[in-house]
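Next come two complexes, and both contain chain A; in the first it sits with chain B, in the second with chain C.
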Partner chain A sequence: MLLANILVAGLLTGAVYALMALGLSVIFGVIRIVNFAHGEMMVLGMFGAWALNRFLHLDPLWAMPLVAAALFLAGYALQRGLINRFVARPEHMQFLLMLAIAIMLTSAMLMGFGPDARNVQLDYAFDSYDLGGLLVDKVRVLAAGGAVAGAALLWAFFRFARTGKAIRACADNYLGAQVVGLDVKRLYAITFGIGAACVGAAGSLMLLLVDVHPYLATDYTLLAFIIVIVGGLGSLGGALLGGLLIGLSEALSGFFIDPSMKSMFSYGLLILVLLVRPQGLLGRRL
Partner chain B sequence: MRAPFSSLFAGRPRRAPAALALFVAAMAAMPLVAGDYLLSVLILVLFAAYLAQAWNIMMGFAGLLSIGHALYIGIGAYASAALFVHYGTSPWIGMLAGVTIAALAGAAIGALSFRFKVGGVYFALLTIAFAEFTRILADHFGWIGASSGLFLPVANRATSDVWHLRGAPVMFYYLLLAAVLALLALGRLLLGRRIGYYWQAIREDEEAAKALGIDVFRCKLAAVTLSAGLTAVAGVFHAFYYNNLYPETIFAIGRSVELMLPAIIGGLGTLFGPILGAFLLTGLSEALTNATADWGIDGLKQLLYGLVLAIVVVLRPDGIWPWIAARLGLGAAPHPPASRVPPSARERSEGALPQGQP
Partner chain C sequence: MGKETSRRLSRRAFGRGAAAAGALVAAPALLRWRAGAAEPVKIGVLLPRSGFLALIGQACQRGCDIAVPVLKDMGYAVELMNADTESSPDVARTQAEKLIREGAHVIVGAFESGATAAIAQVAEQKGTPCVINIGSEPKITEQGYKFVFRNFPTSPMLVTNGLNRMKSFFETTGTTPKTAVLMHVNDTFGQSMLAGINALAPKIGLPFKIVETIAYDPKTRDLSIEVAKAKAAGAELHMVVTRLNDAILMIREMVKQKYEPMGVISPGSPGMYEGQFLKTLGKYADYCVSNVPWINPKQEMSQTLEKAFHKAYPDQDFDLNIGFSFEGIQICADAAKRAGSNAPQALVEALKATHIEKRVMIGGPIRFAANGQNPDQVSAAVQNRGGKPLVVLPPDSAAEKPVFPVPGWQQRT
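Up next is the complex of A and B:
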């Protein structure tokens, strides 16, 4: 039963990871830029939700849409103003730009919020549901629920909305999208905004589960890479599957071996997938 | 956006050797006039220059982006330090071990990646994964001190024992200076050889290189192996200069990122770019530390550092050395990689996923 508890907790955390990774996957899938500042944006989302809780006493769950909206605007502006010029540059230049952005974000957060770990005080923080012996933390259920809702919204947007379809067209055929008169620059900016909104929402939810401090960023960036590559870059289902898998793997290795070695197994999984099935578990054959 | 064919064969202007001689003389004379602080900064510069040069062999010459070079520094550092601590082995023999292990590790990573046609961004992420994997492994490896660190006995700074690398900073200064110059000469030699031209061909267009009959797999493998082994040498000096090693810092991804910056900022694929970049970035970092120390604002230094990086990358996408060299009439040959990928190549590489399924 203990094992079942751990598996469920891992899966629920994995759902939040999945939403974070979805943001990375969307940005890479369409713009073909690897967002090395992804973890920094995640931590920014966490701090945003923390500030809304601290000063407006807003539950992180309700802060989620606000944080997502704010990060959408920030991501839109960033892509429009800066990143767009780098779309046709080689990978190392894009990397350097995203790195500079990441450094600035981390240090800005360090200046704004200080280096200490921050958390939110919730009256239901220690509640849990008892499902026939299976104990599930309430915060984890809420966080996972929020993540699933966010992912569903994203799926519906790309499936049904005109803009979502146009973005998919850009990703499928860049030249063709230009030929039929799509405003690719604007669509790219919207895409980056959506990716940022995803990771902002995931950050708000993650605040329910962990404390936040500026130095978390690199770990989240790497975590998002692992998830997205294991699942398959550019595949929504892949990011979900990858998130759940990594959540499970972290929970299991933390329980059976050593919590400090949990990310080693994630990296092991990443290496294995890259070598055996480089397009990821659900990635399309290219 | 390719440079004209003829520029590859353009004669080196006569000013270049004179400038190089002046630079070497100035650097050799530096310890006579520099104080302790300046000397310690210059040692940082030389470390940065050497590492960036070694990394540049992979990325600048052959176009292979590695974001996991901390792995090879760590291997060199830990191999030599652990042998010294446990058996009193000379670091020069430890270096042999460290370089061999690092080169083998590089060859293994390269062979796995290139055999399975992992390239571009995916290759870069794979190098990160191997470095991080090793970092956590080292955290739990008791023989090298695990996460509580490995410490070398404090050095006697009065006498210089070169055989055991125990001595004053000035000894490390000259050793590193020699290493930087040796690597400069090696880079010059390699670029003029067949392998250098093969690397540049692969960097510019791998498919075309293959079509010309170049054994792409072996050339790329050679670049990774050489770069990894050379990087490990700096790890040995690092261990014996700082006298303490923690997996958390030596294998950190931050170190991998930091060591590639001088090469990119200075000018990828150029010989002097990494050295110039090391001077500029280390100088910038020190200047910002000194300038912002008085204000006592956490993170301000990093914010400004990031800002300068962003400005440079927007304004000088080819790096600073080619731009300066052209103005000083020093000639920037060999020419750096194209800073804009033609749309056709971009379409084709598509994140460089394997074209043929393994």
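Up next is the complex of A and C:
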């Protein structure tokens, strides 16, 4: 039963990791820009959910659509106004641009919210379901449920919506998309907006599990990179699988070997995947 | 001719004139000397007000800032020159040099051991006195420094005092657990505490056996696995060495996983007495015990300080960071007043002769041994009760009686 508890906790945490990494995967898959400000955007989403809870008493679960919408608009404006100018430039310039945005976001959050860790007080924060000895954390169930719902929405959008199909066309063949008259700049802006919305939604859910402070960002950027590289950069299914695998590997290594070695096993998994299948578990062959 | 003769300068007149001129020239210097005695002592305060230690650094800064008006009411004149170490020893070093260059008579700092070692070295090189408010690295006062004074226990003192206090805690409550699990943060502080516990526990004769030791990443996002492992160990006592965020995560997981040991106790680490811990966890923060140096609620000096502090900062915690930072400034002010001068050597001699009875923290009068270390620090058992950290031991400083074993998570109101 103890092992079952560990496995369930690992899978539920992995589901939230997956939603966080989806945004990174979507942006890279289409625009081919590596978003080094990913963690900072998620922390911004966490602060957004915190502010909605603090001032409007909104549960982070209900704040999730609002935060996602706000980050969609911010992401759209950022891509349209700034990042689009760098799409055709060398990769090192893109890296520097995204790093600069990351540093500016952290500084802005420090100025706006200060260095203190902040959290939300919820009635159900300490609840867990007891399923015949199997203890399942209620907050993690809700967060994982939100993550799965977010991923399903994203999948449906790219599969069935006209704009979603157009974005996929841009990702498949940039020149072809231009030739057939697609407004690529607008589609890129929508894509970045969707990526940012995913991160914002993940931030709202993450606030249920972790206290937020501006310095949290770097860890999450790194974690998101590990997940999408393990799953396959640009693959939505890969990001989901990567998140679940990292969640499970952290749980199992922490329990059977040493909790201090949780991160080591995540990086070990990353190296193994890069050696055996460099394109990631579900990524396209490079 | 006679007029001319009378105008000629005689030797006597010359002597009088020279004396008068000398007095005139010397007057400003004499005035300066007189003013020098009353000139406020300039204290360079070095704290990590930004970076990863910003939260505690800012708390320490509040302790220093509130010292100025409180000490003024007591007849001391001090002036603070503040600098931010940015949670980095390298920045601490350059900032200490800058403060001394700009005229600081004495420096105070620096909360974190690395930064504290750096500023102590600068103080020694420049011949400027340095008073350590918080910083436990033992080597700082073991290398023959002549300008460095520390009013904070070293790590071995912290562990020894904490373990001894734990022992007396169980003796007082009449219930002694037989087994314990130790969960500790895996950073320099956590490792040095672990080494101290392992080395000192047999000597002190701890009444329980540590059956499992679980280390975790200081930047952890999740402690569910670690707590599951601790619960599986089946020990009676949950002993911890934490910082703030991990302490919150740990208790949250203990409640969710229905892990109910006889109590949660720290031999001497931050986290469980801090305002954010109490506010975030509410009733679940109650009954956790930290064995740490603490403010003596029964001292007149601490009562005066607390009143002034809450007037200036109504929403901030009044804890040991405030107490030790206040005492750092108090020590400098006291030395300057007794020295009657802000000259480095005079301040050092006065610091060596420090004997402050009216102090804020629990323990004997503030004094310094030949190596510059205050040897008379003690740890109190601080138990969270009704959302506040209260002293429960030693009995002469206690605000409440200790409770152990503690009520279950769901039996609290």
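The working rule: the second predicted complex is superposed on the first by the 281 of 286 C-alpha atoms of A that agree within 3 Å, B and C clash if a C-alpha of one lies under 4 Å from a C-alpha of the other, contacts with A are read in each partner's own complex, and residues count from 1 in each chain.
The rule we apply is simple: contacts are C-beta pairs under 8 Å (C-beta built on N, C-alpha and C of every residue); 3 or more make two chains touch, one makes a residue touch a chain.
Quick caveat: nothing in here was measured; it's all calculated off a predicted structure.
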- Message: Is A:Val210 touching anything from chain B or chain C once the two structures are fitted on A? First, second, both or neither.
- Response: second
- First (chain B), second (chain C), both or neither touched by A:Ser260: both
- Task: Have a look at where A:Ile101 lands relative to chain B and chain C in the superposition and call it first, second, both or neither.
- Result: first
- Which partner reaches more residues of chain A, chain B or chain C? B
- Message: Is A:Asn84 touching anything from chain B or chain C once the two structures are fitted on A? First, second, both or neither.
- Response: neither
- Can A:Pro115 be said to touch chain B (first), chain C (second), both, or neither? both
- Return first, second, both or neither, reflecting whether A:Asp127 touches chain B, chain C, both chains, or no partner chain. second
- Have a look at where A:Ile271 lands relative to chain B and chain C in the superposition and call it first, second, both or neither. first
- Task: Return first, second, both or neither, reflecting whether A:Thr163 touches chain B, chain C, both chains, or no partner chain.
- Result: neither
- On chain A, what residues does chain B touch that chain C touches as well? 110, 115, 258, 260, 263
- Okay, in this complex, where on chain C does chain A touch? 50, 52, 54-55, 58, 186, 214-217, 219-222, 224-226, 228-229, 232, 244-245, 248, 252, 255-258, 276, 280, 282, 284, 409
- Query: What part of chain A is in contact with chain C in the complex they form?
  - Reply: 2, 5-6, 9-10, 13, 110, 115-117, 119, 121, 125-128, 130, 135, 137, 209-211, 215, 219, 250-251, 254-255, 258-260, 262-263
- Message: Taking the touch rule as given, give the residues of chain A at its contact with chain B in the complex, in rising order.
- Response: 28, 32, 34, 82, 85, 88-93, 95-97, 99-104, 106-111, 114-115, 174-175, 214, 218, 222, 225-226, 229, 233, 258, 260-261, 263-264, 267-268, 270-271, 274-276, 278-279, 285-286
- Note on the structure: Listed in rising order, the residues of chain B that touch chain A in the complex are 59, 65, 67, 112-113, 116-118, 120-122, 124-126, 128-130, 132-133, 136-137, 139-140, 147, 253-254, 257, 260-261, 264, 268, 297-303, 305-307, 309-310, 313-314, 317, 337-341, 343, 346-347, 350-351, 353-355, 357-358
